[in-house]
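Here chain A shows up in two complexes: once beside chain B, once beside chain C.
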Partner chain A sequence: MIKIKAKDVDVFYGKKQALFNISLDIEENQVTALIGPSGCGKSTFLRCLNRMNDVIDICSVKGEILINDFNINDKSCDVVRLREKIGMVFQKPNPFPKTLYENVSYGPTIHGMAQSKQEMDEIVETSLKKAALWEEVKDRLHEPGTGLSGGQQQRLCIARAISVRPEVILMDEPCSALDPIATAQIEELIDELKKEHTIIIVTHSMAQAARVSQNTGFFHLGQLIEHGSTDKIFKNPDNKKTQDYITGRFG
Partner chain B sequence: MNLILFTFIVLLGFTSYYFGRKKAYTIQSTKKRLTALPQFYGYYLAIWCAIPAFIIFSLWAIFEPTIVKLLILSDYSNQGYLDDELNLIYEKTKALSRGQFTGEITPFIEASAEKYLSLRSIAQSSKVVIVLSAIIASVAYAYKRISSNSRTREPVEKFLNAVLFTASLAAILTTVGIVFSLIFQTIDFFKVIPLFDFVFGTHWYPAKAFVRDSSEALDPTMYSDTFGAVPIFAGTFFIAFIAMCVAIPIGLMSGIYLAEYASTKVRQYAKPLIEILAGIPTVVYGFFAALTVGPFLKELGTSMGLEVSAESALAAGGVMGIMIIPFISSLSDDVITSVPQSLRDGSYAMGATKSETIKRVIFPAALPGIVGSILLGVSRAIGETMIVVMASGLAANLTLNPLESTSTITAQIVVILIGDQAFGDPKTQAAFALGMSLFLVTLCLNIVALRVVKKYREKYE
Partner chain C sequence: MNKNKEQLLNKRYKAEQRFRLYGLSAIFMALLFLTIFIFKIFSTGYSAFQKTWLVVPVTFDAELMMLDQNPSKEDLQDADYYDIALKSMADLDPKANEDQENELKRMVSYFFEKEIKNELLNDPNLIGKTKEVYLTASDDLDQVFKGNYPRDLPEDQRRVSDYQLKIFDQLVANGKVESKFNISFFTNADSREAELAGIASSFMGSIFSILVCLMIAFPVAVLAAIYLEEFAPKNRFTDFIEVNINNLAAVPSIVFGLLGLGVLLAIFQLPRSTPLVGGITLSLMTLPTIIIAARASLKAVPPSIREAALAMGASRMQTTMHHTVPLSMPGTLSGTIIGLAQALGETAPLILIGMVAFVNTIPGSPMDPAASLPVQIYIWAESAERGFVEKVSACIMVLLGFLIIMNLFAQIIRHKFEKKWS
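Moving on to the complex of A and B:
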């Protein structure tokens, strides 16, 4: 089933065009990987999906992005509701300088999802459990989140993102600042999370894309060169450029 | 004369730089490898020119007056003069030699004055000779020593290091000197006035000490109830409090606006405009408070049936607050801007609005820095003088009514030190005691502020 449908998306930074005519369908409850060399626009595309590009003054987005058949670039779209439904995990772990508990309860609090302390405790616990962090931190929920290791911080950010039960989770190179063991843990987690969430992950590592994703889109110089099932992209790509990139001839 | 000599030495310095470099080039042209760039050879020679000149100049400045004085006064030895009288004779001699002596001229003094002049001219010419020959000798020595493998880079670097070190040492020593001059006078003050009376006394009437005839013996009992500093400490903190009530909300909110809401264009113009406030001389704020705000408040109060003094704590504190706004707004703007963008992104991505992000993420993250900026603002408020002197009155009332006039530590120091002062008088020393307490208060505030700011830095870097 198609969860997100991008139609002819163009993105401009000031006068410079960063994305050209991107059309891409994203399947529900699957992991879609976006790969491509640095500066190819894959992160920019990812940030279109929860309108994070709004934060950048000079950035403008054209085209249609339909999520559940609703165009999020439409004026009537409420960004607060949109981002509640579409969570995001960033390249560098960015826990707030607050306690672990406050980090996870941040989203539910601002969206008024818990009526009582008890409910909030439950949300925090399930989110941390889903993020495979609960066992490690259950005794120090009230210590600062910035005191965790890099991998733990990133899992905390994932717990924070899933605390509001988003339908989609966007991940922008979530493992690029982590060591191989932490990376393996996050990848395992992604596999687990796709049961309940649709996941789109931007990654520089082709091995990672091959390991975690079912679908892959290859970006180059602001254009979507090719997309399809990961198997096909990696084993038998249609486009020569994709072939070259996959085999490490450039990028 | 000294100026000409100095110019000449500077010229010599440039010349030796040129010669040093030239010699290096010459060595280079013989295909030998130099151990440093040719400039270093030039600097090296220039330093050899500057150091002896500096040493001789300073020795001269230290010893010349003493030696001349000894030589002049040797004529008067064995005549049974007291030290004080000898000093007086010497001062008269100097005055006469400058043609500024107005008293009766005795032949003795006239003779000494002539001797003084001749000694001075001898000293002057010998200085020229010694300095120049020392420079030439040392430069020549250094010039001879320059060869392809002589070390010039290290001494030049060391010299620079020493110069920079001296500069910072001068700043530190000045501070230490000021503190010491405060300490000794303060101790003298507390020998007469008990510390307890100063710290806990509630009456501050230094005017009482003004009427003392300095020929009378010092009677500590007459100073009871004169130097009780409670009213002026209270006044200081009260006015600072009023100032911060104005400065913190306005400064903080404009800081948040500039950092988070203002577009680049608005920020580009608004920030310098706000900072102009910091450039207005405090005396201008002072008469703004005294001549505009004070009378306005008085009229406003009268029309509402309130009794308002024309020199009210409210006027002084309010205007002082306006003065402090740019410090707080500019510093908190910087602190808020330096909160990593990733935290903002994290919060926005959770669906938080701008105000929620500011309230829940950015403000707490920036809080230590903001507290630091507020504390720096407070220490400015406590140390501010001109506005209070002009707008808040000089009578030290112990009051918490912002509509009455009060006085502050700084204003009282001004009051005490205006006009004739006698050293060794408790009245004058009181100013030092006040200065010392002020210094201690602002020192503590600054230390706390710097600690807080540092802690903040550690968290994000």
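Moving on to the complex of A and C:
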């Protein structure tokens, strides 16, 4: 099943074009990895999917991005509703400087998802359990989230993202600031999360893309060079550039 | 080659040492000036916190006070105290002639009649008896007792006559002159008589001005800062506003005083000399300071926090109100306090809007005429009487204490509530 369908997406920063004609289909309940050298536009593309580029004044997006067959670049699309459905985890862990509980309950609170304290407690607990953080923090839910280790903070951010039960989770290099053990934990978590969510992950590590994803898209200089199943991209790419990047000849 | 290198290295070390020395001497100079300044103020001002009293026996003679037998409270209120007051002063020297009696009277404050009256009102049983009453010494004798008065000047150049000094020395020898903590310095309003003048009016005036200033400047500045930082598009117009806010911060304060005079008093007809007008004028001055501080602390909130909130589906307003503004509050508040501290020490604009008027009542609201602490310093510094010299320093001490407390508070807020980012 195709969850997201991007058609001829162009992105401009002022006069400079950052993405050229990107068309990409993303499968539901699978992990899609976006790889490519720095500055190739993979993060920009990711931020198109929940319209985070709106925040940047000079950035403009053209083309269609259909999520559940609805064009999110359409004027009638409400960004608040869109971002409720499409969660995001950033490169650097960015918990709010509030308690763990407040971090996870923030989304459900502003979207009015819990009628009572018990319901909220439940949401917080299940979100933290799904983010594999519950056992480590259940006794200190009311301590500041910024007091956790880097890996724990990133899992807290994942718990925060899934607390509103999004259909899609966007991950922008979620492990680049973490050590190998924390990275392994997050990767395991991604594998678990794909059962309920569609996941798109931007990564610099080809090994990580190979480990966690089913589909891979390779970006270079603002163009989507090639995309397909991860197996095919890594073992038998069609394009010479992809081949060169995968084998480490540039990037 | 090697030798050359070593020379170069030595030179670099020497240059560094010299540089450190310059820095140290700069700090030393600053500390020296500060010490001299503080020492001067304290050594001149501390004596203002003491007040000299003459202990004079007063006979509460019912006849002289025109009182009947068994007088009521009202009778005591209305009784004539001038004669017994005069008599008790004249009795200090039984051989005094009329001129000398006059001089004796001037050894205490003109308030002495009231002090005697209060004594009797407190204890009506005193009628017909004699009691030693504490009377405020005149400001000149106060200075004599504190050792600040040039006794060796020729008599015609002094306000205290030889006769008064003679009687005063007798009183001192008999232990009838006492020095006590000067409560009236804090409870009295300004007065033409140095011994009675206090800072209550100017202190309350300053407090009211600062409150008015805070209530106007803080909300306006914070809203302006939030709009400019979080919502306004970046274009020529907002650049223009930004430049002008910075310009506003550099405008000399007296210009704001003229603005207050021309607009608030002349056009809006607000009451002259009041903390209300003073506060509004000061708020114009404080506004840019708070805006700049608030914008700086909004800018200091990492963009990742905004992104996190937006990505959770918070609207821009929610992102701002739930996250950015609370996180920027410590910086904004300490900037506000520093802005208020500046306003507290401001003199020129208040002089222009008439807060320099002689006010001998304590204001009960921002609509009552009042002075302010720095203006009070200015008024007293202009006065000729010797008694005001120590008052000026004492008033400076109070103002400085006030400022130090405010700045301390700003520091505490900044350190205690500042969030650490992950």
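Observations, loosely collected:
Just so it is clear, the second predicted complex is superposed on the first by the 251 of 251 C-alpha atoms of A that agree within 3 Å, B and C clash if a C-alpha of one lies under 4 Å from a C-alpha of the other, contacts with A are read in each partner's own complex, and residues count from 1 in each chain.
By our rule, a residue touches a chain if its C-beta (ideal position, glycine included) is under 8 Å from a C-beta of that chain, and two chains touch if they have at least 3 such contacts.
Given the structure is predicted, the values throughout are model-derived calculations rather than measurements.
Overlap between chain B and chain C is detected when the two structures are superposed via chain A.
In the overlay built on the shared chain, the residue A:V55 is in contact with chain B and with chain C. When the two structures are aligned on the shared chain, A:Q153 is found in touch with chain C, with no touch to chain B. In the superposition on chain A, A:F90 makes contact with both chain B and chain C.
With both structures placed on the common chain, the touch criterion links A:H111 to chain B and to chain C. In the superposition on chain A, A:V164 contacts both chain B and chain C.
With both structures placed on the common chain, the touch criterion links A:M1 to neither chain B nor chain C.
Legend: residue contacts after superposition of the two complexes on their common chain; A:V80 is shown touching both chain B and chain C. In the superposition on chain A, A:A207 makes contact with neither chain B nor chain C. Taken together, the two structures place residues 50, 52, 55, 57, 80-84, 87-88, 90, 92, 94-97, 106-107, 110-111, 146, 157, 160-161, 164 of chain A in contact with chain B in one case and with chain C in the other. Across the interface of their complex, chain B is touched by residues 50, 52, 55, 57, 79-84, 87-88, 90, 92, 94-98, 106-107, 110-111, 146, 157, 160-161, 164 of chain A. Residue ranges on chain B touching chain A, taken from their complex, read 263-264, 340, 342-353, 356, 360-361, 364-365, 459. If you check the complex, the residues on chain C that touch chain A are 233-234, 302, 304-315, 318, 322-323, 327, 419-422.
The part of chain A that touches chain C in the complex is made up of residues 50, 52, 55, 57, 80-84, 87-88, 90, 92-97, 106-107, 110-111, 146, 153, 157, 160-161, 164.
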